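Beneath this line is the structure, given in structure tokens, with notes to follow.
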Amino acid sequence: MTTPAYFTRFPSIRFDRDAEGILTMALHKDGGPLTFGAAEHEAFVDAFYEVARDRANSVVILTGAGGDFIPAIDFASFGDVSDPDVWSKVHDEGTQILENIANIRVPMIFALEGRAHVHAEYGLLANLIVAGAGASFDDLPHFAGGIVPGDGVHTLWSHLVGPGRAQAMLLDPKPLSAQAAQALGVVAEVVPDGTALARAKQIARSWLTRPAVTRRNTRIHFIQPIKERLVREVGYGLALEGASAAALVKSFRAA
Amino acid sequence: MTTPAYFTRFPSIRFDRDAEGILTMALHKDGGPLTFGAAEHEAFVDAFYEVARDRANSVVILTGAGGDFIPAIDFASFGDVSDPDVWSKVHDEGTQILENIANIRVPMIFALEGRAHVHAEYGLLANLIVAGAGASFDDLPHFAGGIVPGDGVHTLWSHLVGPGRAQAMLLDPKPLSAQAAQALGVVAEVVPDGTALARAKQIARSWLTRPAVTRRNTRIHFIQPIKERLVREVGYGLALEGASAAALVKSFRAA
Amino acid sequence: MTTPAYFTRFPSIRFDRDAEGILTMALHKDGGPLTFGAAEHEAFVDAFYEVARDRANSVVILTGAGGDFIPAIDFASFGDVSDPDVWSKVHDEGTQILENIANIRVPMIFALEGRAHVHAEYGLLANLIVAGAGASFDDLPHFAGGIVPGDGVHTLWSHLVGPGRAQAMLLDPKPLSAQAAQALGVVAEVVPDGTALARAKQIARSWLTRPAVTRRNTRIHFIQPIKERLVREVGYGLALEGASAAALVKSFRAA
Amino acid sequence: MTTPAYFTRFPSIRFDRDAEGILTMALHKDGGPLTFGAAEHEAFVDAFYEVARDRANSVVILTGAGGDFIPAIDFASFGDVSDPDVWSKVHDEGTQILENIANIRVPMIFALEGRAHVHAEYGLLANLIVAGAGASFDDLPHFAGGIVPGDGVHTLWSHLVGPGRAQAMLLDPKPLSAQAAQALGVVAEVVPDGTALARAKQIARSWLTRPAVTRRNTRIHFIQPIKERLVREVGYGLALEGASAAALVKSFRAA
Amino acid sequence: MTTPAYFTRFPSIRFDRDAEGILTMALHKDGGPLTFGAAEHEAFVDAFYEVARDRANSVVILTGAGGDFIPAIDFASFGDVSDPDVWSKVHDEGTQILENIANIRVPMIFALEGRAHVHAEYGLLANLIVAGAGASFDDLPHFAGGIVPGDGVHTLWSHLVGPGRAQAMLLDPKPLSAQAAQALGVVAEVVPDGTALARAKQIARSWLTRPAVTRRNTRIHFIQPIKERLVREVGYGLALEGASAAALVKSFRAA
Amino acid sequence: MTTPAYFTRFPSIRFDRDAEGILTMALHKDGGPLTFGAAEHEAFVDAFYEVARDRANSVVILTGAGGDFIPAIDFASFGDVSDPDVWSKVHDEGTQILENIANIRVPMIFALEGRAHVHAEYGLLANLIVAGAGASFDDLPHFAGGIVPGDGVHTLWSHLVGPGRAQAMLLDPKPLSAQAAQALGVVAEVVPDGTALARAKQIARSWLTRPAVTRRNTRIHFIQPIKERLVREVGYGLALEGASAAALVKSFRAA
């Protein structure tokens, strides 16, 4: 199996694929935890598309680096989010990222270590989540910062833990531990810190005895309801978020 | 900020709004707990509409009075519910009340004290629920009384706690404690009896640092999925409930 | 009340109806636990249809025999599932069975003893589940065996316990105890082994004080959301499952 | 191919199947045009179910007798439609009839002669309509008679000719000629009176060169959008129609 | 029947109701054709709500004045539409206006004279359209002016004439004559100029022989599919339109 | 503006972009009419994705070459379509192609010359269609060839001309002329043969006076309803088509 060009195309993603096609996709910044910025927002559209279209992948494992998934965001990198041309790009990329993850047509595991405090919904689109004991979920970029959690994070949390919990979490964001997430049915397994990826690979290998069509079609079947929901909700959510971002900039300028 | 006319229009609702636009809407009967009747069914359509359309409201808090939300219902006040003209009014009002609550486009908190034993779904449309330690949810008017729980109460419970629990609750209604509701993700905070409203106001104030557009659009985004579901389900539910009410009256007359 | 013809039409189903119309429908093989096969797949389409259309049934109780619901499956009985004509029949029957259960327009109780390890979704379409203390749910026929869980089992589990838990369960099937299912809101009551049916009958009788229209319309209202979802999801799911079955047969032949 | 039992079970339906499995299903009254009554409303539920489940049918042709499809309705046969128990039966049968037609999983042709003035929607669920030159569509039983056209007739007309035309037709019902229906895309072919069935059989035979799975799955694919819509709309429509029927009876009694 | 307060509340609407409850609602500016502005956008929310909630209305006729429906728009009256607070109001009002029209629960007729060149979708939500021979539809405010036709106008045209024609019309807006609209099934009757209202009243009167519940429930049934679609599409559409308005203002400022 | 890499990546597509970003995308085979094969099915997934993601495109024009769009298909190139692994690839690519076209977030014009007899639905996803006078639509690959028209062709035709016409066309495919398609609202303009592209460019230029955000968001708004429908229908459609292809191969082998 040759190494595809996309393996080296994205500075914030380290790809690694074993002989059986299990792809590990690690988000990072210079090998350490990723601070998410506009460059990633643009790059991840293509990255997840490439992963989704590559039939040599048998299972996809999404993870982070340096003991974290995504712990922080660089707001300034997005530029003037009150500029409609700037937000148009955010809107289009944001809807496309989630659709591209949903279109990964092989089983997907989220191997979480540390903080999934930004864009946790990427991982929530996996079919199974393995988390280190010290891991946590949070939502730093939205209501805490003054904008609408409209990029799909509400859709995914609401889908997985119900809308009551989702709203409470997003209106008063604070870390949700791996153990608490397991009790809510989000995390399938809590493992010792630093072993989530290894465990994810073990599970992935256990799935390989099934035919490729079985693996692909199982993912397709499982993802269909949330894919339909993403298509209905996320574009509007991002448009509402964009208006709130413009209002936030306006309030900063007025102050 | 002047006092809007609707503040004094509804005998069963006490409105109170602070300088920052946090509106408290307390349902009551002569200052004490509200026994819900046909007059309220008609009045609440307009009341929630007025609340929703008034852009001077920054957050809406729904609560009761006298230590209860709605503890009882006056069935007789609805008249002959087997009369198709009577039920037509119930159907039209019932669908409209829930849509009008869903159209409140600012964050909404349900400050529950005591019994939400009738039309708990009004409160379940809030984004966050704070409950006194002695509070409870129940559904007195429907299956217990011989009619279909078709007015949206099934839709809201099913949305929040899943259809298995919702059906069990509605087929064998008994009080669900605040603590149990919290464990199910319905209630965000349980506080000492008598302090739910104060805590709700505190939370409401904490949200005011966000721009108005952020607050409005967050509600819009969060409510959209359940609003779509209300529009699909409640009209039919009330029509089915109306037929069951006619059958109940028929059985009374036969007896 | 005369005995309808369908009571004696299906070798794997024992029907029993009391004077008040409470129908018990027990799946069995020669009086003992049912091993599910192609004959049942065909027969149950008609059986559930007949139950649904018979207005003399006031409540329907689904149960098993010999201390189990469905503990095992006879794969070989389905023949060559890679033959498109064979799978076309499976697809058509499979979608129709679940729609026919959903169209039972009286309250339905699942009285579970022992193993619901095959087609648990039949029981999950009940409005209430009573389970013996030693009962368990599982999914033997699908991912464990190399095919997609596309026959509605994902739809029902996802509906009842959320998609996170549903996917984890179906990708790594193992028995879920009655107690665990109760904690998840799936089972309403856990009772001593061997008493589930008696308890179900007791609950059924308690519902008979309501008018027939109330009972029917309550079921109709409660089932509508999942019925819509079944119609959207199960046909495609079975088509995806059929392709995986063909791939499995291909892999067997290659081996 | 043996003759199935359902061929002789329904007094108002004459079944005829050729050696290639093309089933002709002719609605009639004593061999002449059918006046539709409560007996047919009950019988057609089962009749279409039997047709749908019988895999020996390769194509289904629906037609009438005596030069008409259904020219008239016997309202009185339905009894006291203001009785909730009576209407409950109408509601349940009415939704089930259309679902059962939608579940016919082989191509279906409507061979129309004369008047489709009652329950035209049965024929509108075909994949292709051939009409005699003197044929016409109308809607006698609903708005003209004082009740809501809620049994699916609006859903089908709206689906086929758009909601503007559908509403105008149903609010002021008058015959729509075969030629006008062809111009609207409803009727595929207009043929000389008395030859619609022969032409339908000719078309049916032309389809038989395709594999059975192709024929079945094409129908399944084509019907899916309208089946979803029927499941969403017709139950509620019939409930609204039932309330209007009760109001009509009330007005008669008051007069 | 007393005159309700809302009859005199809105400067741009003349209400007139006959003894049988047929309400005529004429949009105007000082008795002549209405130039639509921000004041109307705000006022019509309440106006349609009041009309919808008033059970004394038996049929609602929407029309214009001075030989036109709405021939022109005063863009400047909306203020700085690139201000997120300004657009938030437009978004909220815009979605609410169409929902409130959809919630008119009696049959509605659009009596069109002259130009429906702005907000034609208000009239397109009627159940029946009668147009003067010289009448025409157009869409001045959107793509022609540089913004997205996102306020529901696409939803309604697409619903009524199909998305191919709707897109062509909205991307290259020019008047569509009453005759052309009739050929497309949008207009039910074309009458001599100046007689549309009289004809609408005549039709309205013909409907009064049906019971009130029949009239109400027929509207409810007919409007349900488009109401669901409005709830899904118009909020997002207006958000997309708002972003385009901000971009337009930006381009003006850059120029 | 530099030339993007994808302009030269696909042997069957000639890209050409003018200074204002109007992209012409011409499908061809060695400069002449394209015979569609498996290579195109794979390539077009990426091609439309690249077009959609490239924000330098201001308008996209899809056209053919040599006086045709796609006149023919090379079935054999797809290999053994009864092999589940082969069809899995067809299924995944087929759903993705249409989603990728739907995700082109700038206005799209279909400039049709000659035959759109294969995959006409690609062009039907445009916002506007300009056709040469001798152009025609047809559907060669499906029912005529013995398989289900499940790849979206039914979805698009049904969306644009209604399900009655769509079914008739697809069950008995024959060329639909540009003029007939214009009468049905599918084609916006019929122009002399050989001038469709020039006219399309002229229209595209006329749109450039609107802000980029307006153009993008208008497409997003217009495409949303059909995008939702594609996501719901095409995957299942292709799965049903795959089963029919396997049945066809089986019948060939039996013969």
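Here the chain labels run A, B, C, D, E and F in written order, and each chain numbers its own residues starting at 1.
Here is the rule we use: a contact is a pair of C-beta atoms (placed from the backbone, for glycine too) under 8 Å apart; a residue touches a chain by one contact, two chains touch by 3 or more.
Note that the structure is predicted; figures quoted are calculated from it, not measured.
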Problem - Chains touching both chain A and chain C - result: B, F
Practice task
Identify which chain pair among A-E, B-D or A-C reproduces the interface of A-B, meaning that over half of its contact pairs, matched by residue number, are the same.
Solution key: A-C
Handout entry: Label of the chain whose CA centroid is most distant from the centroid of chain E
Key = C
Handout entry: Whole-Å separation of chain centres (CA-atom averages), chain B against chain C
Key = 35
Handout entry: Gap in Å, rounded to a whole number, between the CA centres of chain E and chain B
Key = 32
Handout entry: Contacts with 2+ other chains: residues of chain C
Key = 84-85, 88, 161-162, 184, 211-213, 217, 220, 224, 232, 235-236, 240, 243-244, 246-247, 250
Handout entry: Touch-based graph of the chains, sorted into line, ring, star, complete or other
Key = other
Problem - Which pairs of chains touch, using the document's own definition - result: A-B, A-C, A-E, A-F, B-C, B-D, B-E, C-D, C-F, D-E, D-F, E-F
Problem - chain A partner contacts - residues on chain F that touch it in the complex - result: 45-46, 49, 53, 55, 84-85, 88-89, 92, 96, 99, 103, 105, 211-213, 216-217, 220, 224, 227-228, 231-232, 235
Handout entry: Complex interface listing, chain B residues touching chain A
Key = 107, 127-129, 159-162, 184-188, 203, 206-207, 209-214, 217-218, 220-222, 224-226
Fill in the blank from the handout: chain C partner, complex, touching residues on chain F are 82-85, 87-88, 91, 232, 235-236, 239-240, 242-244, 246-247, 250
Problem - Residues of chain E touching chain F in the complex - result: 143, 146-150, 154, 158, 161-165, 167-168, 170-172, 184, 229, 233, 236-237, 240-241, 243-244, 246-248, 250-251
